Every structure is written in C-alpha cells, then in structure tokens.
Amino acid sequence: MTASATTKVRLDEPYHRPLLIEGAEDLASVTNRVCGVVERPKPPRAWYIAITISGSMTLMLGAMVVYLISTGVGVWGNNAPAFWGWDIVNFVFWVGIAHAGTLISAILFLLRQKWRTSINRAAEAMTLFAVCCAGMYPAVHVGRIWVAYWLFPVPNQMQMWPNFRSPLLWDVFAVSTYATVSALFWFMGLVPDLATLRDRATTKLKRVLYGFFALGWRGSARHWQRFERAYLLLAALATPLVLSVHSVVSFDFAVSQVSGWHTTIFPPYFVAGAIFSGFAMVVTVMVPARELFGLKELVTLRHLENMNKVILATGSMVGLAYATEFFIAWYGGNPYERFTFVNRAFGPYAWAYWIMIFCNVVVPQFFWSKRIRTNLWLMVVVAILVNVGMWFERFVIIVTSLARTYLPSSWGYFKPTWVDVCTFAGTIGLFFTLFLLFCRFLPMVAIAEVKTVLPAAHAHKENGHE
Amino acid sequence: MSETLGTRSRRWSTLALVVGLAGLVLALVLGSARGDAFKRFEHSWLVSCLYFLSISLGGLFFVIIQHLVRAGWSVVVRRVAELVAANTPVTALLFAPLVVLLLRGDSGLWPWGDVAKVHASPLLEGKAAFLDARFFALRCVVYFGIWIFLGRWLLRRSLEQDGAQDAAPTLALERRAAPAMVAFALSINFAAFDILMTLNPTWASTIFGVCFFAGSMISFFALTVLLLRFLQRNALLGKAVRVEHYHDLGKFLFAFVFFWGYVSFSQFMLIWYADLPEETFWYRDRFHGTWLAVSWVLLLGHFVIPFAGLVSRHAKRRLWLLTFWAVWMLCMHALELFWLVMPGAEKDGALVSPVDFACFAAVGGIWFFALARLAGDKPLVPVNDPRLPESLAFENF
Amino acid sequence: MSEAQGALHSLVAEFDDVDGVSAAARAVRDAGYKAFDVYSPFPIHGIERSMGLRATRLPWLVLACGLTGTVLALFFQWWTNGHDYAFKISGKPLFGVPANIPITFEFTVLLAAFGAFFGMFVLNRLPEHHNPLFENERFRRATDDGFFLAIEARDAQFHERATRELLQSLTKHTVVACHESGESRALPVWVRASMAGAGALALVPLAAIVAARYRDSTQAPFHLIKDMDSQTRYRAQAANPFFADGRAQRPDVAGTVEFDRFRTDPALLTGRAGEAFVDQIPLSVTAELMQRGRTRFAVYCTPCHGGAGYGDGLVAQRAATLQEQAFVPPASLHDPLVRARPAGQIFDTIRNGVRSMPAYGRQMSIEDSWAIVAFVRALQRSQNASVEDVPDAERGRLGTR
C-alpha cells in the first residue's frame, strides 16, 4: 500500500478511521525505518549535493554579514523613506514560517489530531531553524551591533533602561521566548528518541553523545506520566505563545499611524498568514525528504493532503483579511488609507502586489481540487508559490506604505542591493543546511509518538477508534 | 438513544411562548412610556436580537467545523447544536421590525438612517450608497438567507442520516462543509460591520467582525452546556453525553474566552497606542461616566476571571462548576452586547432600564419557543451517524 | 549479563505487548508492591491506573512559575520605565498597562515553560545516566519494541523467591535479576574540580561589573569599539602642513565682505547718532512694516513680555511660580520710563539685550528689529490712549462712560 505520486486516496470512510501509517508497520519496523536514516554509514548522494549547495549559500551569508557589520547598513537598499526594507520583510517571512512547527506540535496535539505524529519532529526542527534565520535580521540590522545589548535590560553606566512600551522590544521578548520554548519542546520530545538511538548505538562515541543528551531516559512509566503532562502543558503554553508571537510582530506595524499599517485586524491576519506560509514550507520540505529517506509509509499522502487543506483554509483567511482591509479602507473614508490601497494595486509596486494576489489568493484555490491536493509535484509547486506570495505580502505591506507616506515630498522608491539579495539567499542556505544536518544526525520522525498511533499500542481496544 | 422531547416539547414551548409574549407586551409598553419615539426600545431590542442571533451563529460554526474536520467526539452533542444553529428564522423575524423602521426613515438606532444627516456630513456622504436603507435591508436579507439556509440544510441532512443505512448524507455534509464555512465567514464578518459597526458610522475597525465571532462562540458553548445539563436533568440524553464531552465543550469555552480576550485586546491596544481621535472616540464613549465601570467589569468578568476559572482541568470536569461558568459567560455576553450597542442611547452613563429585561424576555421567550418546537419529534442524538460509536466511547486526555 | 558485583537491585520481567505488561502491572499493584515500574517505548494509555500512580504535581508548579513571571514582568516594567528611569515617550503614560501586556504575557509563558520542562526532569530525577537496568542487554528493547516490568528490591514486600515466582507467572520470558554496579556513582574528581573552577571563573566578570558600577574613575569608560570617538578632522588652531602657512584654519578669501558692509547708516544699524539714541525710526513705517512688527513681536517677545507687553508672558509667570530669586521680571513696556525712551534705545535693547534679556540681534534682520520697535510704539500708544484718540466713526461704538 505504498503511495506513489498519483495514487488516489479514498475519501474517509466514516465508519472507521483509516490507519495513519501505511504498510504493516509494527513497533520495531518504525524504529528501524527512522533510526536507519540516521544510522546508515553514508547519507544518500542527493544529501551531499544539497548540503554543498546550501552550505555555500550559508558561507555567503556569513560573508554578507561580515561585510554589513564592517561597512554599515548602507550596503543595503534601506534609505529614506523606506527605512525598513528586505531586512524586516525577511525577518517577518522567517518568523512566519517558524509558526507551522509549533502549530503542528502544539495545536494539533491539543486537537487530538494523531496524524501530526509523523511530521511534528521535522516541523519543530524547521521552526527552530526558521527562528535562527529570522533572529539574525533584527540582530544585524541595528547598525552598531556591538551595542545591541542595549536592547536588553542590563544595568549600564548610563543608568538607562530600554523602552518596554515599544513593540520593537516586545519583539525581542516574543521571538526569544518563542525560540526558547520551541527549543525546549523540541528537545523534550527528542529525549526518548535519543534514548532509542543510544540503545542501538554501535560505536562508543555515538553511545556517549546520544546517551549524554538522552539524559538516562529508560522509558519508565512514572517518567512517561510526567513527560506526558509536561508535553500537554507545554502544548497548552505554546498555543497562545504562537498566537502572540506573530501578533507582536504585527504590532510593529499596527501600533503606528502609517496608513496601510494601522489596522486592527493585523494580529490574527498575520498569524493566519504565518501558518499559511509555514505549512507551505513543511510541505515543500517533506515531499522530497520522505522520498529521499524512505519515509513514505510514515508520512503518507494523507498527511500531505491534510496539510494542504490547512494551507487552503489559512489562505482563505488571509484572503478574507485582504477583503476586509480593502472594504474598511473605503468605508472608513480616510483619504490616505484609500490612497494606500489604490497605490498598492496601481502604483510603482503594482507588480509586487499582483504577484502577491496571484500567489496568495488564486494559487491556494487549486487545493479545492482533490487531484491537485494529492499530486506530489503540484503540491510542491503550489507550496513554493504560496511562500513566494507571502514574501511579497510582507514586501508590499512594508515597502509600499513607507515609499508613499503622507507627505508627497517624502516619497521614494526602494531598490534592494546585491547585498540584500545575497543575504536573503544566504538565510535560505542556512535554513536548508541546518535542516539537512538535522536529517542526517537526528531522528526526523518522532518515533515514540508514531508508535502511539500504531495498532500495537492499543491492543485491547478496537482498531482505529481515534 | 433515539429519545426525543416528545410531549415535553409542547409543554416547554408553550411556557416559553407565554414568557415571550408577556415580555413583548411589557417591552412595548415600557418602550413607549419613555417617550423617545422608541429609541431606547430599539437599542434594547437590538441587544436581545443580537444575543440570540450570536448563539445560533456560534452553533453554525460549530456544526460546520465538526463536519469539515470529520470530528468523532462531538456526535452526541451535535444534534443540540444543529437545532440551535437552525433556529435563525425566528431571529430574522424578530430582527425585521428594526429594518422596517429603518426603511421608513424612523430608525432610532442607525444614525445614518436620517438621509439629511448623511448628506450633511462629507464623510458619510462618501459612503451614502452603502449606508442606504434599502441596500442595507437587501444585505440583511442576504445574511439571514445564508444563515437560515445553512442551518436548515445542516439539520436536514443530519436528520436524513438518522434514517439512512449508509453514510451518504454524512459524506455530502463533509464535502459541502468547506464552501459552507466560506459563506459563513463572509456573512458573519460583514453582518457584524453592517449591523453593529454602523451604529457609529464614522468609526471603523477591521477586526470587529472577528470580535463578534469570538463572542458568538462563547455564548454558543455556554448555552449548549446549559441545554445539555437541562436535558440530562430531565432524564434525556442520559448515558450518551458524559463528562468527557462536557470537558471538551469546556475546553472550547475556555479557548474562545482566551481568543475573545486576544482580539478585544488587539483592537483596544492598537487604537490606544496610535491615539487617533477618529478612532479613540469610540472607546472614549465607553470609558465615560459609569460606562467606565462597565468596561472594567467586562475586562475582569469576560476575560480575566473566567480565564482563571476555566484553565484547570478540574473546572471543566465538575459539571456544577462548568455550569456556573456557562451561566457566568452568558451574563457577560449580554453585558458585552449592551456595552457595544447602548452607548448610542445612553451617552452619559450606563443605565440599565426595565425595558432591557423585558426585551430580553420577549426575544428569548420566542426564541426558546421556536427551539422547542423545532426539536419536537427529532431524536436528540444523531442516531445512525457513522461516528456515533466513536463519540459514545470517547475519552479525554 | 554483567557479573553480580553489587547488591540485588531489582527483578525484571519482559513482555511482548501492551496487554501483557498492563495486566502484569495490575497484578503487581494488587499484590501490594509500591516500588516497581513499567518500561515501554511509548507511554501506554491507562498504565497509570494499572499501576495505581498518583497524579503529578507538575501543573501546580507550572502555574506557580507562570504567575511569578506575570508579577515579575509587571513589576520590572513599572520599576524601570515608570520609576527608576522614568521618561515619557510619544505621549504614552509612564506605566500604561496596555503597552506592558505583551512582555508580561511572554514572560509568563517563558517561566511557565521553564517550570514544565525543568520541573518534569527534576521530578523525574533526570539526568540519570547510570542505572543498573542498563547493564541488561535485553533491556535496550525498552526503547524499541519491548515492554518490561521491574520490581525493586527496596520494596517492603520484596522477597526474592516470592517476587520472582509472581513475575514468572505473568510472563513467558525468563525473569532476570538486576544488580547494582560496584562502582561509585559520584562524578570523577576532575569533573568536579573543573566545574568548581569554571564556576569560580564565571563569577569574575560579574564581580568586575559590580566593582565598575559602584566605583568612580577619572578615566573615560572603556569600550572596545571606538565608534566615532576619534574622528579624522582638523581642529581650529591646529597645524596643517598641507598649506604653505601651516595653518588648518584658513583666512578669508580675498574680496570677502562682512555682513552689512555696504550699509553705513549708523542710525539704521545701531539706533544711535553719535553717542545719543535716535528718536525716529529710520525706516518708513508702513502698514506692512507694522504687520511684520506685530508678527515678529509675537514670535520673539511675547514669551517674556506677554501678548500686550505688560511683562506677564509665560516665562515670567513660570519664574514667578518657581520663585527664582535671580530672575528679574521683564519691564512693562507701558511703564512711563519705557514709554519715554527713544526708539533707538528700544532698538538697541532688542539687538544687544539688557540685564537678563538676551541679545536678539543674531536672530533677526535690522529691518525686523525696527519693525518690532514700530509695533512696540503702537502697543504703548494703545494702552495709553484717551477717548480723543478714537476716530470719530468708531466713537459711537464706545459705551457711554
């Protein structure tokens, strides 16, 4: 029952729940399948090619950051009036992508969606890597990064404190809390799987390394009881956290008086957009990964289809938010607000606006078709276009509003420099490098969690009652 | 399992109707006694109509999403939700007089009903085509049309499943759930703008529809808990609905209390922070005089206290406690709608008037009358639903 | 199996599936054992009931941590922004709760998450890298696909033979004895020494910060990156070998004229003719000049002298409130002494200042200064007029007085 690129997946038979894991998998085969990826002496050749490419892009990122710090922010395209350019666009882009991991881990857990167990480990890892890419931007865009510690409440000789009333500082707290909690959540889930790797380790080095981080886990039911409680509590904490983080990011814009930025729907709209782009990235990454690493029985077409449905739903929410903003801009009667929206569609950045509309509103609608939802190539195309669209959404919001503010004498046109472009490409390289390293050395699928959804875990109850 | 209300339907619906009609007479008398051309009455009537409308809308969302995600746990409670969601025709009837008054140019509610006033203000003149009584009435017809259609369709198909031997009705519901959700989202969002937000035609907030949605969900879950408890107290739904289901309903109640706090805070904080007079006046009207006390009660009573009260697992699994919080949230929802609507009529301070209670009794009585009649002979649990066994055996975390 | 070096730790039974181990747990629980545990590769649903375990206190810990976070964050924001370094920014109150909620929320979640994560590991007594059970090779299957139940020897009910019989009756696999290892469980000396050393070293920067914070120094603060502390530029009076005369500061270019060079009329420029002040304004006083004077007066003079020139401007009022001893209130322009002064003296006062009044000559042109003089004269006239000064046409508007 292995899924190929064009297998038709039946609509759910309401009388029983289909098996989440295909093939006759039992506990040992799941362990072997996932650990096998980590334990094989050499990863597949495609992995080497991929990491060479992404690794060089990461090096380029390093070079760009060094150049930036040594020369100054002028190497970027930021200038009056667009004081925020690709740096903030990319920051919001990456933070948005990071949200899917927590949603899959935490929110789908609270909603008792057992299909999440195959993808949550990879998605959470993706969250952490995306947060790294995101966090780099605020750190280096401040200009004098050697005094970036002024952002933190460290007692200093000037006897000053940061301004906690500013959304920029809320960002500092929100993103760092998010990175920390995601890392804790991810690591906690990893511990039992690291114990599995420790117990299968063939060399002393591997046993010591995996063993150190496995903290001596031995699968004790008493430990599992607290573990599960902690997992539930962290999931319950991570859910409002993920809502709050992208809301705080949206506050960066919404608290201002810039037209096109100051609108109350930004918080939930940004969160929906973040989930939208995050799921698209998960799909983009998991489709090749499951082929390459032989995980098709664990990450089935059904998992991918479910993610595509979430993409459709959140894409529709984003579309609804566009419609609402547009309507209220007209209804509110504020000429500046009306101009902003007209300018977005027909002004100097119209090209960016229409790319955004196409990719965010039109393209996800293809997922109404089950054929497209379950076609591996098409879903990757849609997912990539969604991410392109979401990048452009942030670009349109930030740059068009700044380039065309209240005073026509301040109007300008923002152009990115080659450093902007290379830095962004570098962050993409960093993301994929980290992800490829993760695939190589850590279990990509949450072994212990997947086992809980196998029939073998519920021997005395009826199969498939979840 | 296939219990119905049976003879109780007649008894309860008659009782509700008596309350409703008595309330109506009293409300009309009190309303005219104020001598303000029924302006205060209209505000009270709107609050009550919106109260019961929001409960039905909450039900609509709940039923649609249960079908959309093919949920198993909720089957035993879904019939009650379907009945609540399908109870929109009576709300439409009760709401209609307000629109009729608007069409006649006599509305005390929507300031833009006065065409002269609209043309006197450049801001309102710009949207005179939208703030036009006939166009508004047409939009209301569309909104209520969508809701009535959806509510009836969901109930009808579900009843069809009661009598079916296969899963065809359920599959049809699942397939159509997504477009239904799109229609729901658009209609509730823009209806909130139209009916509630235009009470202050110069004010606008893009998240307003979402705030109304959050409140609707809270009131729906709260009332559903009470309805289920009431039915179980009357020896119906005995074994079917267990503490596990109440626990999940409690989780939803808690989640939407938090969500309400989140969207309401977003709206308030963003308007507070930018401090633009064209936006802040709306809050100033609600922080003025005794309205400030109401605002504080809303913050604490609609969010902080129920958040703390419902966060614990135990609160959601002890039925008397869950019932307490359900009643609490229903009171708070009424206060919220009062706070949203009434500053238009009571500018100097939050004065509750007997006409408010009379209107509530009127609308509520008639609404419950319709609900009891709707429930009539229908099984209170979707028998033959493919996922009924799953729901009956369901166990929570 | 390793050699039996230490005391007996536990008896371990192996099971093939969830049912088996759950049933065994119930049997062991019912037999009255307390110090036993089940080992599985994933959490078994319902095993807590089968084992008779109590609910964990972790949620309370998380709640306590979260509330601590809330209180700390609110207090900290109040203390730093509202008290210790209170500054107003964009009109926000010093402690405006809406603006302080986001950080409070994040910090609450952070501390609660720490409570959940660290609390769980602490309550589980992890990390515990060494456990006698790990000596058993087959036990490795506990993280793969095997299920185990171990009864520890420290249990009150434990009796080697009886317990072994009970366990053997529950499973088809042979029950295995597990012994403590003979080695000490304490960390090696070198690990402890380096941890202590690292801890001591970590305190050094902290001590340095504390010392620097509370000590005075005559030296400039130390900072690594000089920013723009020293700039490559020439200062006045410095030498510059680039130029022939060796000076960095260059003299005027040939043909430079001073400001007002071609205006020679001393009365216009200084308000004096010789030593004495001129009486007349040397410009023609037109309505335009008067208007200009009125607006310039409003800009430059009213803060101290007040709108009508009585010396009751905002600056004077504030100084009076503060009761500044050294502040000399501005003269009323309607004082007979001031009214008697010649126009040139007023001009001179405006341009050069007098007593506490600063010189405004740098801020305005000659013409503007004369315009102000003209306006002052008009103002003085207005406050010292008689009925005869009112034009006939307007006289009717006055009340009968």
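Chains here go by letter, A, B and C, matching the order in which they are written, and residues are numbered from 1 within each.
Heads up, the rule we're going with is that contacts are C-beta pairs under 8 Å (C-beta built on N, C-alpha and C of every residue); 3 or more make two chains touch, one makes a residue touch a chain.
These numbers were taken from a predicted model, which means no experiment stands behind them.
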Chain contact topology (line, ring, star, complete or other): complete
Pair with more cross-chain C-beta pairs in contact, given A-B and A-C: A-C
Separation of mean Cα positions, subunit C and subunit B [Å, integer]: 43
Computed distance of Cα centres, subunit B from subunit A, in Å: 35
Separation of subunit A from subunit C, taking each centre as the mean of its C-alpha atoms, in whole Å: 29
Shared-contact residues (touching 2 or more other chains) in subunit C: 59, 92, 96, 99
Where subunit A touches two or more other chains at once, by residue number: 240, 244, 251
Subunit B residues counted as touching two or more neighbouring chains: 269, 273
List of subunit C residues in touch with subunit A within their complex: 17-19, 22, 25, 37-45, 47-48, 51, 53, 56, 58-59, 62, 66, 76-77, 80-81, 84-85, 87, 89, 92, 96, 99-100, 102-103, 105-107, 109-110, 112-114, 116-117, 119-121, 123-124, 126-131, 133-134, 139-145, 209, 212-213, 221, 224-225, 227
Subunit B residues within the subunit C interface of the complex: 265, 268-269, 272-273, 275, 312-313
Subunit B-touching residues of subunit C, taken from the complex the two chains share: 59, 91-92, 96, 98-99, 101
Contact set on subunit A toward subunit B in their complex: 11-15, 17, 110, 112, 232, 240, 243-244, 247, 251, 254-257, 262-268, 312-313, 316-317, 320-321, 323-325, 327-328, 330-334, 368, 465-466
Touching residues on subunit B, where the partner in the complex is subunit A: 70, 72-73, 123, 126-127, 130, 167, 170-171, 174, 178, 182, 185-186, 189-190, 193, 202, 204-210, 251, 258, 262-263, 266-267, 269-271, 273-274, 276, 278, 386-387, 389-390, 393, 397
